[in-house]
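Down below are the structures I want you to see.
There are two complexes below, and they share chain A, which is joined by chain B in the first and by chain C in the second.
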Partner chain A sequence: MAITSIKNLKEFSTNNDRFEGAHTLCPGCAHSMIVRELMNCTDDNLVIASNTGCLEVSTAVYPFTSWDTSWIHIGFENAATAVTGAEAMFKARKRKGTLKDNDAPVKFVAFGGDGSTYDIGFQWLSGAMERGHDFTYICLDNENYANTGGQRSSATPIGAHTSTAQAGTHSYGKKQKKKDIVAIMAAHDAPYVAQLAPNKWKSMAKGFQKALETEGPCFINTVSPCCTEWKFDPKDTINITDLATDTLMFPIYEIINGHELNILYRPKNVLPVEEYLAAQGRYKHLFKPENKHVIEEIQKNINEYWEMLQRREEARV
Partner chain B sequence: MQDLKLKAAEKRGIHQLGGDELVGWDEVTQGIILTSFDGDATDIVHKKAEERNYSDFNSYTATVASWRVKKPVFNIDVCIDCQNCWVWCPDTSIISRDKQMLGIDYDHCKGCEVCVEVCPTNPKSLLMFNEQEDLETALSQWPEKKKKEK
Partner chain C sequence: MAEKFDLNEREVWDGNYAASQALRQARVDVVAAYPITPSTPIVENYGAYVANGYIDGEFVMVESEHAAMSGCVGASAAGGRVATATSSQGFALMAEVLYQASGMRLPIVLTVVNRALASPLNVRGDHGDMYLGRDSGWIQIDAFNAQEAYDLTLCAFKIGENHDVRLPVMVHQDGFITSHTAQNVYPLSDEKAYEFIGDIVPVDDMLDFSRPVTYGAQTEEDWHFEHKAKQHKALMDSRPIIDEVFEEFEKLTGRKYNRVEGYDMDDAEVVIVALGTTVETARVAAQELREEGVKAGVVGIRVFRPFPFDQVRDMLENAKSIAVLDRSSPGGAMGAFFNEVSAALYTTPNRPLITNYIYGLGGRDFSVSEAKRIFLEQKTNVDAGHITTDIQQFSGLRGPHLGYFQTKRS
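And then the complex of A and B:
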């Protein structure tokens, strides 16, 4: 695989972008930061499928396309299926020698939002992982159905206000915990599973390169702050991601072959989760006195999860 | 210095998103393919934007400049070419060649201000100004270096 250099940002910036501007994602959206980084970290030809979601509707506004690679527009649930089908055909044609250029390296990537990964496309993704195709699935996790007006998904964390789990006099927003998709994907015995964040560009580019290099199904969950539904100023996208990783709301780690867990980023000063919550409009009701117990519960969950990650890293199980 | 006309293809900026184009959305047949490039697109990854043969369907030829109310202005004298703005620009609007930051692509910039936030220099080498402000006036208003508060 032709890897592009990610030693430092200056060398990384010599790559030629294959994701063009004038898409219609919101100003300050982290989706395009993540997509750009994936497409810049390799020189190989890419075949990409996108689930329905913000990314898909915004990058293919007829008559325009923002993708300089092969890209398939597919249903809400089946990007994993479409891209694995393309991969199976590619392998078969390679064996028969009917490709235009038989030696050209091709990588297969599927993008999905959290709605299509955690909920709607879950069984399609699970099936594709089980069949063991050589592809990478990247989930752009913005914790709600942002494309349709911010409904709750199973990625929405506890206490968040969404349009279908509203905060008010009788409710503090969503009452259920977030689904641990990384652990579920690691349980598929996938060779590489990771959770990454765009503010740590180097660990993210390394993770992408590892996933593309690894043969077999790889899954990466990326944090993608949504300025529209999380209700913060577009300029703060990277600052919010910094807070998310420093409060350990989104720990950055990878799991190799389903059991070797490595923590990729340990914050020097772990911040209290209040700082992350206070920066966003969707959590502002939690700071009322009657909702104090929710913040305590969030902090408790974070501490327990971080403890679990550290123990798993040590024990290699 | 900041004249970037050479960097853009000739077709740049002739389309507004959603303008009159070929067939209407309700006349599109299933399985339609929009090609990003005219002719051969092999090895496109090694070609810089100005060397590529973008087709009319590529959003590179479109513009979203009308989304913006404030624009970032780039001061090349303060820049240290750290490329933070390049890696985090969501709209591929930072033009960077040979490890050097050259300027901003105002046809694609939506004015989100992320580049200003991540700029590490003192004073910042990217600042937001009103859309109507011209380059010279903006540069003449650039703040002095801030001293550390003790």
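And then the complex of A and C:
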């Protein structure tokens, strides 16, 4: 397994560059940081599949491509199936000795946004996880359908304004809590599942490496702040991510074999969630007096979830 | 290395079994599949061959037909031989990915065991699913019996994987009538069959990392049109290659296939044009009527896509009255197949009389006597010199007659 050093960010960021900077993602979009980290953390050959979404439409517009490795996009829902079809073919051809290089290690990775992961491609992802293919699925979770202009997804947190769950005189935005995709994936008895964030780049790279090294279906949910739809200045992407992890809105942890839970980041000073919410336009209506209760509810949810994670970590169940 | 599978010179196979034996002999690397009646045994059999060492491949049982075709696309882009099977609702669920498979020029072989589309739910055979695929950019080959299902599945790999074609291929057979009816089938030996198909030589192999490839890029108004035009051209240009493969197959087996099959057409005045098992039923009717002095002939379309416009025209231009049989609900129009045959005939100087019969939906039996009645209606048209019936009529329907449109005569 050819895993590269992750001691130094400058060195790491230029390692093994297989994702071209020339793409059309929004300035400040975290997607490209996450994708580059994945591609830089291994020297192995990569077959990558992307679901339809921001990443896909911004990186493969004919006659250009940002992908200096094998890459496939079929539809909105089926990257997990496409890449696991390729993985099955790899196994068949390796046995028969018909590969161009029969000894080179190959890793299979699928990327999807939260729309394709939590919603439209949920069945395809679940099927691929259950079948036990050797692949890693990475969700670039920006908590909305950003590619189509910011509609709600089942990853959108309660209280956020989206174009299909609007805040208005009679509404505080989305009414439902975010789907717990990490728990659902862990329940597939996946050998490695994690939630990671690009501000904690070392733990993210290590998590990616663990997933790639682990045989079997691995799943990683990454927070990918979306300046366009979350409404913050593009230069603040990592600052927003810091707030997401320091308020525990987005806790960083891994689950091994469905039950060994390890918290990977414990903020020294846990910040109140208001600081995270106040930094983004999508939550600004929550600061009206009539919506105060929503902020309280979000804080309560965070506290309860953090408590649960700590108990599970301790209990190893 | 795969275990030896003992074959007799003559086997008694149904269409499903025949198709699955072709997949085994083609040494298909990956089958990604989801079962659906009546095509289920094809993929079950492939799974059994894998489980018992008769084939060295990967059997990926996915959670839906959409995923089945998605897995096939990923596997095919990874450079090996890929096949699957489906029917009806499963085919409809696959529809999105069918277009993507052909757009990416991936030579997947899909056996479609034709079955009606719901609602109402129906597991029996008609051609609703086959018609649904007609604009999907796949080559569509139609088998009329179990032997043909076997033969044409072997041919399908050789056609689709040809580097001048690089297109996915459907091989159709009629649900139950072909798929579940045991018939005599003469298989090739494993060695001869594989030698005929040959090794797959991948183009744009995702597992060749010396040359990275991007599959499924986006094109807007600047390039999309050119891509689709090239795809259409590839389909049209596949015609002589299909002919070559059929010729090579004839040399090997003595069994000759043509993109359009004509029976008793040399002097035929009244003709049934059909798809699937109906072709064989109509042939029996035509032969019986010839004994009574009716010059009846039958045309069966072997390659539905690319549609053999010129061959259909050439074969039918001297006929006098033609019935085109559509086994698919026309949904508020003339039958789609009727429209295509009519378009071909419109370019001839004689323009034979032509009528449209909607029949056999949901597996309603199509009998020799029904075929005879249709022939005799054509004979009445010939004698009258014009169409004497409705231009479109439902045949074999319970209750009152249902038909539409009459000939305009001055």
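Definition applied: the second predicted complex is superposed on the first by the 312 of 317 C-alpha atoms of A that agree within 3 Å, B and C clash if a C-alpha of one lies under 4 Å from a C-alpha of the other, contacts with A are read in each partner's own complex, and residues count from 1 in each chain.
Heads up, the rule we're going with is that contacts are C-beta pairs under 8 Å (C-beta built on N, C-alpha and C of every residue); 3 or more make two chains touch, one makes a residue touch a chain.
Predicted, not measured: the structure shown is a model, and the values here were computed from it.
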>> Once both complexes are superposed via chain A, do chain B and chain C end up clashing or fitting?
In response: clash
>> Let me test your reading of the model: by the given contact rule, A:127 touches which partner, first (chain B), second (chain C), both or neither?
In response: second
> If you stack the two complexes on chain A, which partner ends up touching A:183: first (chain B), second (chain C), both, or neither?
Replying inline: neither
> Can A:256 be said to touch chain B (first), chain C (second), both, or neither?
Replying inline: neither
>> According to the stated criteria, A:158 is in contact with first (chain B), second (chain C), both, or neither; which is it?
In response: neither
> In the superposed arrangement, which partner chain does A:271 touch: chain B (first), chain C (second), both, or neither?
Replying inline: neither
> Now for A:68: first (chain B), second (chain C), both, or neither, which partner does it touch?
Replying inline: both
>> Just checking: does A:36 make contact with chain B only, chain C only, both, or neither of them? Give me first, second, both or neither.
In response: first
> Once both complexes are aligned on A, which of 3-11, 57-65, 75-83 or 219-227 in chain C overlaps with chain B?
Replying inline: 219-227
> Which parts of chain A are in contact with chain B and also with chain C?
Replying inline: 45, 60-63, 65, 67-69, 101
>> Residue numbers of chain C touching chain A in their complex, please.
In response: 29-30, 32, 56-58, 60-64, 66-67, 70-80, 82, 96-97, 100, 199, 205-210, 212-220, 223, 227
> Considering the complex alone, what residue numbers of chain A touch chain C?
Replying inline: 45, 47, 49, 56-57, 60-63, 65, 67-75, 77-78, 81-93, 95-96, 98-101, 104, 106, 123-124, 126-127, 130-131
> Hey, which residues of chain A end up touching chain B in the complex?
Replying inline: 9-14, 16-25, 27-33, 36-37, 43, 45, 59-69, 101, 198, 201, 233-239
>> List the residues on chain B that touch chain A in their complex, please.
In response: 15, 17-18, 21-22, 25, 28, 34, 36-37, 41-42, 44-49, 52, 56-60, 62-64, 67, 81-84, 86-93, 96, 98-99, 105, 107-114, 116-118
